[in-house]
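Input: structures, listed below.
Each of the two complexes below includes subunit A, the first together with subunit B, the second together with subunit C.
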Partner chain A sequence: MNLAFYLLIFSFTPEIGRGSGWSREPFFAFVATGLIINAIVQTLFMPSASELTEMVRTGGLDSVLVRPLDAQFLLSMHRFDFSSMANGLVGLGLLIWAVLRFPVAPPLIAWLLYPLLIVSGVAILYGLIIMLAAATILMGRNQSLYDFWFYITNFSRYPAEIYAGPWGDPLRTFCTFVIPILLVVNVPAGTLARPLSGQAWGMVVLTFAAAGISVGLSRIVFQAALARYRSASS
Partner chain B sequence: MSTAANSESHHTSCGWFPGLQSWWRMLIICLEERLAYRSDFALGTVMRFLPIVTQVFLWTAVFAASSRTDIAGYSRDNIVAYYLLTMVTRAFSSMPSLAGGISRSVRDGSVKKYLIQPIDYIGFLLASRIAHKLVYYIVAILPFAAVLFFCRGYFPPAPDGLTIAAYILSLLLSFLLGFFLEATLGMIAFWFLEVSSIIFAYMLFQYLLSGHMFPIDMLADIPTGITGVSLADVVRLLPFEYTAYFPAAVWLGKITGWELVRGLLIEIVWLVIMIGVCRFVWWRGTKRYSGFGG
Partner chain C sequence: MWKSPVNVAGAASLSFWPILPHMYNSSETKSDRIIEVNDLAKEYRVYDKPEGLWASVRGLFHRKNRIIHALRGVNLSVGRGEFLAMLGPNGAGKTTFLKLLSGIITPTRGTARVLGHVPWDRADDFRRRFALVMGQKNQLWWDLPAAESFRLHQEIYRIDPARFAKIHDELVDMLGVSRLLGQPVRELSLGERMKLELIAALLHEPEVLFLDEPTIGLDVVAQHTIHEFLRHIQKQRSVTVILTTHYMKDVAALCERVVVVTHGSILYDGSLEQIVDRFTTHKVVTLDLENAPAPGEMERFGFSCEVHGPRVSLRIDRSRIADVLPKLLASQQVRDVSVEDVPLEEIVAGLFRGAANRQAGIDPEQEVGAV
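Right, the complex of A and B next:
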């Protein structure tokens, strides 16, 4: 459905954002990258995280905490949903379609960086999921977990260049440096679609750093939330 | 225990006043249930505005790159106002978890308690949904008012009283149409039990064809292969536009005069059709339903 929407948009404009370079094919490579990253997250982490809501409310979390395994590992990876990988395969197909139509083929270094940046994007989102899960533990119930996930990742579904102007610039800064959601798709897709200039290298380094910080910070927040957990079971 | 009942017989035996009392009690129970987790509810309400922010920036970028002043009759300000107004419409017409809840109750057998009690299941669901919406409006009115006030510069001058009345009517009708569309969808579970894929597909098409994603007018130049018939013409044959596009277009003055009257009449016809279809599907579904145990 989104692809139909984007095709409609490109019937009105040659690119998204004047001079941004996100014309049709690069933009579809961007969309494809987003599909791949989200499919990995939806397959590996989201099914477990969404169950946590009910586990906290019903006291089912207790049975996890008494097991001799790391609670974060168990809670974030005890259930997989391989059907979500279908979107990733669509993304892969779309990526191949788009890259074959680039006026200039991406250099080898871009192809080497791309999977690493995909993993970094997944790590940033994983950190966010774990912090949302921690919010679930603190709030007692957080049925809006999925909603919040959808809405916050919504910012990453479009090129960072669209966030411009007096409101857009601060938002872009916030979503790049505070909640680094704009790095998740923009940097890997940009690495393939645009030349690796000096600023692009800076964003690559920033993405790797953000991935490490996100995972580390999520660990601290999750442990703090567990320390405040009060059992709901009898 | 085996149960195969028709709730219509219970409904007629209740009388008018006890029926109203039951409705009031159902409404109060549902209100209390909804308010039990207020922080979660409030958080969910505020977050619904986030996608609008992205849409504003996206369309600003599209207009900047295309150097156009309007797309399909919508200026950039019009499009922002349109998305805000579809948010208001969706606050009436969206029915989260309704179809899924009905199908689950059929699958796990919990629907049978409504078959053996003097409660009309569709009436109960409607009361529950009204309660859900009332709580939502109580929580959402402040953020909605703040966002609409903050974005008032995007809106054209307020329409006349008659158009406002038509707009409010179209919103109320969109609530009922949305309810009966999704309730009917959930009742397909009487035949297929697992309908989550059907619901997912429906949601996708509904999102696209209702005008939630973009104004339907943007499809006016897309041909269908039939001479003189655009994709917008085909989409307008379906009831979905009344759950997002139509009220927003009414407020923005895109639909006026007899076209507006005709649109409202078609919406009413769709509502009557969907009430009939929903009741029929419930009647046929409960005829073939069998519940065992418990």
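Right, the complex of A and C next:
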């Protein structure tokens, strides 16, 4: 449905944002990248994260903590949902379709960076999920925080260039440097779809750094939350 | 030598039970103590949510919190191979104590070492050497057959395959649960599930086993099976066991040492026999007479006299038993007689009541503060 909507938009305009480089095929490569990253997150991490609230509420977390395993690993990956990979396959097909229609084929370095940036994007989202999970441990419930997850990840679904003007610029800065959600899809898709300029390289480095910081910070926050775990009454 | 309990004076309100200073003697050396707990305390801050919409709005700006003292500075030392029972009413702090020793939660103050480790550091080496079974919570994967959960345990605890097969078969045979291994855990009865939980807990041959009400809700047959199993395993492997329970049958069947906990403090720490000696002054004498006694005839021999036809039950001071019993037998035509200690349930219930009365009278359980 979304793809049809985007096709409709491109029947009125050749590009989203003048000079942004997001013409029809590059934009569909962007959408495809978003689908792939989202599918990975939905398959590997979200099923476990969404169960965590129940585990904290019922005391199921207790049995995780007594096992000689990394609690963060077990809690973030104890359940997979392979049906979510279907969207990833659609994304992969769309990516191939779009890239084959690029006016200029992406250089080899872009192809090498692309999977690494996909992993980085997943890592940024993983860090956010874990930090929300940590909030669950502290608060015992967090439905509103998962709503927050939905709204914040919504920002990553569109090119960063649309966030412009007096309201858009601060939002773009915040979602790039504070909660680096705009790096997740924009940078891998941009690396493939647009020439690798000096600024683009800067964003690549920033994405790798953000991924490392996100995972590292999530680790610290999660451990701090576990230290404050109250357990449920038996 | 065991440390003396933190608070033996709690029994002071039990008017007919003498209070004696108590030390639980043991010949074990310091190195045999594998659980050492000093001044362990756990407090919880809970939001006292008032009723109503307006009160909820006010709660956004001014919250009243209560401090719950789940444990109040407990000292305890447990030797290798001991089977220790923790008794206490609901909310006494038994489960909190086990959660602290398992590293699930961290204390507000105090120290504890289990197998040389600080539990809440959650070192993998420590977690490989103990097991926790909670009667009211599942640790097996709910949707998987137990056999697959056991395989997962083998991987998680890195158990050698040959060793795993040997222990697995031994435990499964002992509890007679081989036919249940392929069934998803969610389809099993409570008793069946508990047997499988115990197997899962013992596959990695833990040195310390924490059992939190393992027989809760089980029928007498399942309770008996689990008693036999635990007794055998504990003797065979010298596992150190701390058991929390409300069932005196568990205690009588399994434990030599009893720790009574009320309101987060240890009220008694000693042997099962001593708990009877210390907290009762009388025995229960039950007589089956040829004929029902005349009203008021039996009261002169003892107190709390209960007469049901020719069956009479009365309590006699222990120091007077040797004097009174011959007189009693001489005065009546007796078909059968038994002299027993006061039931353990009654003694412990009295201890709990006494502690509760003392708590209510002297020290409010909760401190109220605004944050």
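Everything that follows uses one rule, which is that the second predicted complex is superposed on the first by the 230 of 234 C-alpha atoms of A that agree within 3 Å, B and C clash if a C-alpha of one lies under 4 Å from a C-alpha of the other, contacts with A are read in each partner's own complex, and residues count from 1 in each chain.
The rule is short, and it goes like this: a residue touches a chain if its C-beta (ideal position, glycine included) is under 8 Å from a C-beta of that chain, and two chains touch if they have at least 3 such contacts.
These numbers were taken from a predicted model, which means no experiment stands behind them.
In the superposition on chain A, contact of A:Phe5 is made with subunit B only, not with subunit C. Shared-chain residue A:Glu25: touches no atom of subunit B or subunit C.
Of the two partner chains, subunit B is the only one that A:Thr13 touches; subunit C does not reach it. Look at A:Tyr229: by the touch rule set out above, it reaches subunit C but stays clear of subunit B. Of the two partner chains placed around the shared chain by superposition, subunit B is the only one that A:Asp147 touches, whereas subunit C remains out of contact.
Touching more residues of subunit A than its counterpart among subunit B and subunit C is B.
Of the two partner chains, neither subunit B nor subunit C is touched by A:Asp81.
Look at A:Val66: by the touch rule set out above, it reaches subunit C but stays clear of subunit B. After overlaying the two complexes on the shared chain, residue contacts for A:Arg157 are found with subunit B alone; subunit C is out of touch. In the superposition on chain A, no subunit A position is in contact with subunit B in one complex as well as with subunit C in the other. Residues 37, 39-40, 43-44, 47-48, 50-51, 53-54, 57-58, 60-66, 68, 71, 204-205, 207-208, 213-214, 218-219, 222 of subunit B are the ones touching subunit A in the complex.
Across the complex, subunit C is touched by residues 58-60, 62-63, 65-69, 71, 227-231, 233-234 of subunit A.
Chain contact summary for the complex, subunit A toward subunit B: residues 1, 4-5, 8-9, 12-18, 20, 139-144, 147-148, 151-152, 154-155, 157-158, 161-165, 168, 171.
By the touch rule above, subunit C contacts subunit A in their complex via residues 44, 95, 99, 102-106, 120, 122, 124-125, 127-128, 130-132, 134, 136-139, 156-157, 212-213.
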